[in-house]
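Just so it is clear, A, B, C, D and E label the chains in written order, and each chain counts residues from 1 on its own.
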Amino acid sequence: MSPVSTRSPVRTASAVSTRSAVSPAAPAPGRTTLLRRLAPAVLVVAALLTLWQAAVTLTGVRPQVLPSPLRVLEQGWAFRGALWDNALPTIQVTAIGFAVSLTVAWAIAIAVDFSPWLRRALTPLLVASQTLPVMAIAPLLIIWFGFGLLPKVLVIALVTFFPVAVGLIEGFAATDRSATALLRSMGASRLQQFRYVRLPGALPSFFTALRVAITYAVTGAIFAEYVGARAGLGIFMQLQKNQFRTDLVLAAVAVTAVLSIALFGLTYAVQRLVTPWYRGDHR
Amino acid sequence: MKVRVRDLAVSYGDLDVLSGMSLDVAAGELVSIVGPSGCGKSTLFGALAGIAGEDGATVTGTVEVDGGPVRGAPFGLMPQQDLLFPWRTVLDNTTLGLEVAGTSRREARARAQALFEPFGLAGFEQARPGELSGGMRQRAALLRTVVGGREVLLLDEPFGALDALTRTAMQEWLESVRDRYGWTTLLITHDVREAAFLSDRVLVLSPRPATVRREIAVDLPRPRTRAVLTDPRLAAVEAELLDTLRA
Amino acid sequence: GSGASGPAGGGEPIRVALDWTPNTNHIGLFAAQQAGFFREAGLDVEFLPYNATAPETLVGSGAADFGISFQDTFTYSRAAGADITSVMAILQHWSSAIAVRADRTDIRSPRDLDGKVYAGFGGPGEVPKLQAVIRADGGRGEFATEILDTAAYEALYAGRADFAEPFAHVEGVEAELRGEPLKMFRFTDHGFPDAYNVLLAGNTTWLQENPDRARAFVQAVQRGYTLAADRPAEAARMLKEANPGAFTDDALVDRGAELLAREYLRDEQGRVGVQTAQRWAGFSGFLYDTGTVTGPDGAPVREKPDFSTWFTNDYLVR
Amino acid sequence: MSPVSTRSPVRTASAVSTRSAVSPAAPAPGRTTLLRRLAPAVLVVAALLTLWQAAVTLTGVRPQVLPSPLRVLEQGWAFRGALWDNALPTIQVTAIGFAVSLTVAWAIAIAVDFSPWLRRALTPLLVASQTLPVMAIAPLLIIWFGFGLLPKVLVIALVTFFPVAVGLIEGFAATDRSATALLRSMGASRLQQFRYVRLPGALPSFFTALRVAITYAVTGAIFAEYVGARAGLGIFMQLQKNQFRTDLVLAAVAVTAVLSIALFGLTYAVQRLVTPWYRGDHR
Amino acid sequence: MKVRVRDLAVSYGDLDVLSGMSLDVAAGELVSIVGPSGCGKSTLFGALAGIAGEDGATVTGTVEVDGGPVRGAPFGLMPQQDLLFPWRTVLDNTTLGLEVAGTSRREARARAQALFEPFGLAGFEQARPGELSGGMRQRAALLRTVVGGREVLLLDEPFGALDALTRTAMQEWLESVRDRYGWTTLLITHDVREAAFLSDRVLVLSPRPATVRREIAVDLPRPRTRAVLTDPRLAAVEAELLDTLRA
C-alpha cells in the first residue's frame, strides 16, 4: 500500500494523505494560484464577449444600437485619454463620497444600537431616504450647495450608506446573546459590551454589506454627476449618448465595471486584515 | 476486525497531534479511549469520521472498516461540543442522522420520540436547543447519535455534563441496548470508572502527539449491572488506568 | 443693486445654465466665448456644468443668471410663477418636427399617425400639440404615448415606436449621416403656429438690478449667434474648440450648424434674436387653450397673460 | 420589603421582579405596544415636517423649488386619484420584478454555493452587472423587449437581485464549519448539507439583505419606468417635473416612501414566520 | 453573610425552574451545588449574576451581597458553555474580565499569562479558541474567571471536560489559591467526590422546580490535600450526597 495523495479526507482504506479542504491544494502559491483563481472569470467573460461579437456580426445590428465588443474596445482605446481624464474626477468623488457614506452609516448604526428609541425613530426615515429620486432633489442640492464637490458627495453617501447601515444594525443586533450576557455579568458598561462583543460580532455582517455598498459607489458617483459636473465618467456617458456614440458609452461602462470590481476585490483583502479569525468557507 | 486503523497521523500546521496511531476494534466491542486533555482524542474521532480536514488538519494513514475501504458513513459521531442546530426543535435535531440516511421524517420522529422518555427529555420535543440545560443538550446529542443507526458509534464524552445519577442511568441504558443493536463503540471519557465499567478494552493515550501507550482489557461479564461497580476487578482496572495515566 | 455699475463691472461671473450637453443649439454662446465677445464686453461668463435640473428652475431660483429654454417649458415655468424673462430668441422657428422613419411608406402625412405609437418625453403640451397637428391634417388625433425620455429616438429607429419629435438640425442630421433618414412633418406645414424653438431666458430680478451687464451679455450672445448665422463653419469650429472631447463626430456639428444658419437663426427680416408678441401668443396661447398650464397654486389657468411682459427685446442690438 | 417591579434583572437587594429584557414589558400587548413602537418615528417625522414647513414659510422659497409639506399634502390629496392610478401599475411591476429578482438571486447564490468554479466565474459578472447605468441600457431593452412588462421587470431585477445574492452567498459560506462537518460525518450529500445547515444558517443573512433589496424595489420600479411606460409613479413624477409641479413630484415620492416602508416592515413579519428560532435583540 | 438569597423564583414562560430558593454563603466559603441535570443550577447562577432576564426568564426574589443591594459586579461567572470569543486570541479571552474592570491591557495580560503554565495552556496564548480541545477551552474559561478578580466566583462545572489527572491538578490548584485571594465560591458540579473534596458545605437541589433539598456540611480540615481523598469522612459525605440525590 503506497501512500496516495487525495483531496478528500480519510474516507478510504487505501492510504490517504490529505491536506486541509479549506485552503485548496496549491503547488506553488503566489502567481499560479492567482491565475487559477482568475481563470473561470476570464473564461466566462471571454465566452460572453465572443457570443456578443458573433451576435453583432451575424445580425448586422447598427452600432448605435449595439456596438460589437471589438468596436467598444477599439474606440475606448482611441479615446483612452478622454476616458482617463473623466475617470479621475469620478474616482476622486467616489472616494470622498464613500468615506462620508461609511462614516454616516457607522454613526447611525452605533446610535441606533445604543438607543432603541432612536432605532424606532430612524428606521422609517432611513428607508424613506432610499426612495428619494436623485432627479427630484437635484435642484435643491444645486441651489443649496452649488456645483462643487459637496452635492456629489451627498448623493454618493445617500446611495451607498443604507446597505452598510442596515448590515451593521442587524449585525450588532444578531450578536450572541449569551456572550453579551457574560459581559454584563462582568459589569461591563453598554459601551464595553459594544466594544468587546457587538462590534467584533458584527464585522462579518459589515463586510457583506460593504461589498454591496461599494459596488454602488462608482455607479453612485456617475449618478451624482447628474446633479451637475464638468467632467466625470457620467458626464462622458451623457455626452456620448447624446451623440449616439453607444460604443463610447459602453467603453465608459466598462471602465466603471473594472473600477467597481477592483473595489469589490479590495474588500476581501481588508476583511482578511481586520477579521483574521473569521473564515467563511469560500470554497 | 470491524475497524482497523494503521499509522494514523494528524497535524494542525506545525502541531503534531496524532503520530502513527494504530488500533483495532472488533465488531460489537466497546473500546474506551482515555488520555490527558488536549492529547488528540477528539482529533482521532474527527479523522475516523473523515472530517478532520474540515478544520485544517493534515491527515495521513489508513482506516479500514470490515477489512476494506470506508464506504458510506459507517461512523455515528457524537461530537464533544453538542452541535445541536438552533433552527431545529430538539426532536428534529435528534432525527437528523436518520433523515440524512433517507428515513422518512415521520418514521424518524417516531423512532427518536421513543427515546425521549428514557433520556429524560420528555416534554422538550418541541423546545429549541437554547432552552435546554447543559446536561439536556448532551443527552439530546447522544440521542441523535444512537438513533442514527450507524454501525460504529464514536462517542466523545457522552456523559461529561451529567450528574452522577443521570450518568449512571445513561450508562446502564447504553449497556443494555448496545448488545441488542450490535453497535461497535469507541468511547472517549475522562472518567476511568466509566471506562472500566463499560468497556471491553481501554486504550490509554500518551500526551500530544498521541500514540496508544497502553491497552487494558476489562475481563468482566456482560451485560454489566450495578453490581459490577463493587467488583474488585473493576477497582483493579480503575487503579491500573490511573497509574498508567500518571506515569 | 451693486450690479448697476458699468458694463465692465466685474464682480461675480455671469452664470449660464445649459439644457443639455453642448450641442449646436448652443453654438452662438460658445462662438461668443471663443471669439472674445464676452471679454470685449468686460464680462466674465461661466457656463454651468450640465445637470439634470431644468434651466428654468435654476434661473428662476437665482442659481443661474441666464439659461437655455424652450417656448413650451418657458410657458409652463413662467405660468407657475418662475421669475424668468425671455431675452432673446435663439431658434426663430420650429426645428423640432414630427418624424417617422423614411422607409415607412404607410405614413405619408400626420393623419396617418392615428393608432400609432408616439415616443415622448413626458412634456405636458406634447400630446395636445400632436393631436392638433393630426386633426388639422384630417386625422382623429388618437395615438398611444410611451414616455421614453432620452430613449425616444432609439425606439423610433428600432421600430418599437412609430413617431417622435426630434430636432431637424441634430437628430435629423444624425439620421441622414447614418444613412437611415427620417421623414419630417413640420408643424407649420400643418396649420400650426410657428414658435421660438429655443430661447435665452434670464432671471427677471437680476435683469432689473443689472441692466447694463444684462445688455452687454445679451448683445454679446446675439453677436455670437449672428456669427453662427453668417459663418456656420467657423462657429462650428469654435463650438468644438470650446468643448474638447464633447464632439466625436465633426460632420454632425458642421452639417447641423449649416442647417441652423440656413433656416433657423434668422427671422423673416433676417434679424437674429428678436421676438414678437404675436409669435409668443401663437404657441403659448395654444398651450393655455389646452388646459395643461397651471398657475403658482397648482390650479389650471386658461386666462392668457399679457405675453409681451414675458419677453423683451430691450437688451438686443436693434 | 415589598416586591417592586423593575425592568433590570436582579441586581439590587430590594426585592426584584423582572421580566425578560427581550420582549419589553407590555401592559396590554396588541394596540398599545404598536402605538408605543410607532411613537418615536411619528415624533421625529412630525418634527422634521414642522421644521421644513417653517423653513419654507420663513425663506419664502417658491413652491417650484421647494414646496411646503402642507402644500405637498394638500396637492397630493387633490390628485389622490391620479396618484392611485399611477401607484397601481408601479406596485404591480414591483411585485413581479421583485419576485423575479428573488428567484434569480436564490438561483445564483445556490449555484455559486455548490460550485467554487462558478463562484469565481460569476462574481465579477455580478459586480459588473451593478455598474450598468439603466440610462445606457434602456434603449437596448426597448429594442429587444418592447414596451411590455419584461424590460421593466428586468430593470427591477437588475437593481435588486445583487444585495440578496451577495447576502445569500456570504450567508451560505459563513455557516458553522463544524455543523457542516457533523453532517458530512453522517454521510450527508452536498445537497443535504445545504438543506440542513447552509440554508437555515444563511436565513438571517438573507433577511438582512432582503431588507436592503426591498427598499430598492419600488425605487427600482420607478426607475424602470424611464425605460418606457404609459403610467406609473415614475411617469407621474416625470410629467409633473416637466410641468414644474415639484409639489406633486414630492407627493409621489411620499407615496413611494410609504410603499417602501410598508414592504420593509413586512420583511420582519415574514422573518418571524420563517425563522422562529432566530431572535436578534431588536431592543 | 457575603451572599444572601431569599425566595428566588425563576421561570421561563410556563416552566418554573426555581421556586422560592433561599441560601447564604459566608465570606471565604466554598459552597457546592449538586442536583439532577436540568433542575435549575445554571439558572440560579444566571439569576445571581443578573443575566437570567437576558434569555427571557422572569425573576423574582432578593439577592444581597455584604448585607446590601448588589453594587458593581461582585460575581465572577464561569458559564457552563465556555463562551470564549472567536475573535480574540486565547490570551485576550482570558484578560476580558480585567479589561472590563479597567485594568490596562498590558497589566491584564501579564496577570493572565502567569496562569497559562499551571493551567496547562502554555504555548496556546496566541491560538484562537477554535484551535483548542474541549478540556483546554474549559481551562481557558476558568482562567478568565479566576483572573478577573471578583469577590464571589460562580463556577458552573469548571472541571466537567477534564480527565482525571488534569482535574485533580486543577482542583488542587483551586484549593491552594482560594484562601490566598479570599474568594467566596459557589461551585456547580455533578461529581459528588469533587463537591465533598472542595466544599465547606454542599447544597443538594431537588428536581425542577428546584429548591434546596438538603444542606450537608463537610467537616474536614483545610487546606485539603490529596490525603483527604482517602479520609473516611470524605467517603461518608460522598455516600450521604448520593443517597440524598437518589431519594
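We adopt the following convention: a residue touches a chain if its C-beta (ideal position, glycine included) is under 8 Å from a C-beta of that chain, and two chains touch if they have at least 3 such contacts.
Just so you know, these numbers come straight off a predicted model, no measurement behind them.
Student: Which number of steps is the smallest that gets you from subunit C over to subunit D via touching chains?
Tutor: 1
Student: Please give the pair of chains with the highest number of C-beta contact pairs.
Tutor: Ranked by C-beta contact count, first place goes to A-D.
Student: Could you tell me the distance, in whole angstrom, between the mean C-alpha positions of subunit A and subunit B?
Tutor: 46
Student: Based only on mean CA positions, could you tell me how far subunit A sits from subunit D in angstrom?
Tutor: 18
Student: Between subunit B and subunit E, what is the separation of their C-alpha centroids in Å?
Tutor: The answer is 27 Å.
Student: Which subunit B residues touch at least two other chains?
Tutor: Each of 50-51, 54-55, 81, 130 in subunit B touches at least two other chains.
Student: Quick one: which residues in subunit A touch 2 or more of the other chains?
Tutor: 65, 135, 139, 143, 177, 180, 241
Student: For subunit C, jot down the residues that touch at least 2 other chains.
Tutor: Within subunit C, the residues that touch at least two other chains are 54, 57, 61, 150, 154, 158.
Student: Quick one: in the complex, what on subunit D touches subunit B?
Tutor: 176-188, 192, 196-197, 200-201, 203, 275, 277-278
Student: Taking the touch rule as given, give the residues of subunit A at its contact with subunit D in the complex, in rising order.
Tutor: 37-41, 43-45, 48, 65-66, 116-125, 127-128, 130-133, 135-136, 139-140, 143, 162-163, 166-167, 170-171, 173-174, 177, 180, 204-205, 207-209, 211-212, 215-216, 218-219, 222-223, 234, 237, 241, 246, 249-250, 253, 256-257, 259-261, 264, 279-283
Student: Can you check the complex and tell me which residues of subunit D touch subunit C?
Tutor: 61-65, 71, 75, 78, 135, 138-140, 142-143, 146-147, 225-230, 235, 238-239, 241-245, 247-248
Student: Once bound in the complex, which stretches of subunit E touch subunit A?
Tutor: Checking each residue of subunit E against subunit A gives 46, 49-51, 54-55, 72-73, 75-77, 79, 81, 83, 85-88, 96-97, 99-101, 128, 130, 148.
Student: Quick one: in the complex, what on subunit C touches subunit A?
Tutor: Listed in rising order, the residues of subunit C that touch subunit A are 20-23, 48-54, 57-58, 61, 63, 150, 153-154, 157-158, 174, 178, 180, 245-249, 252.
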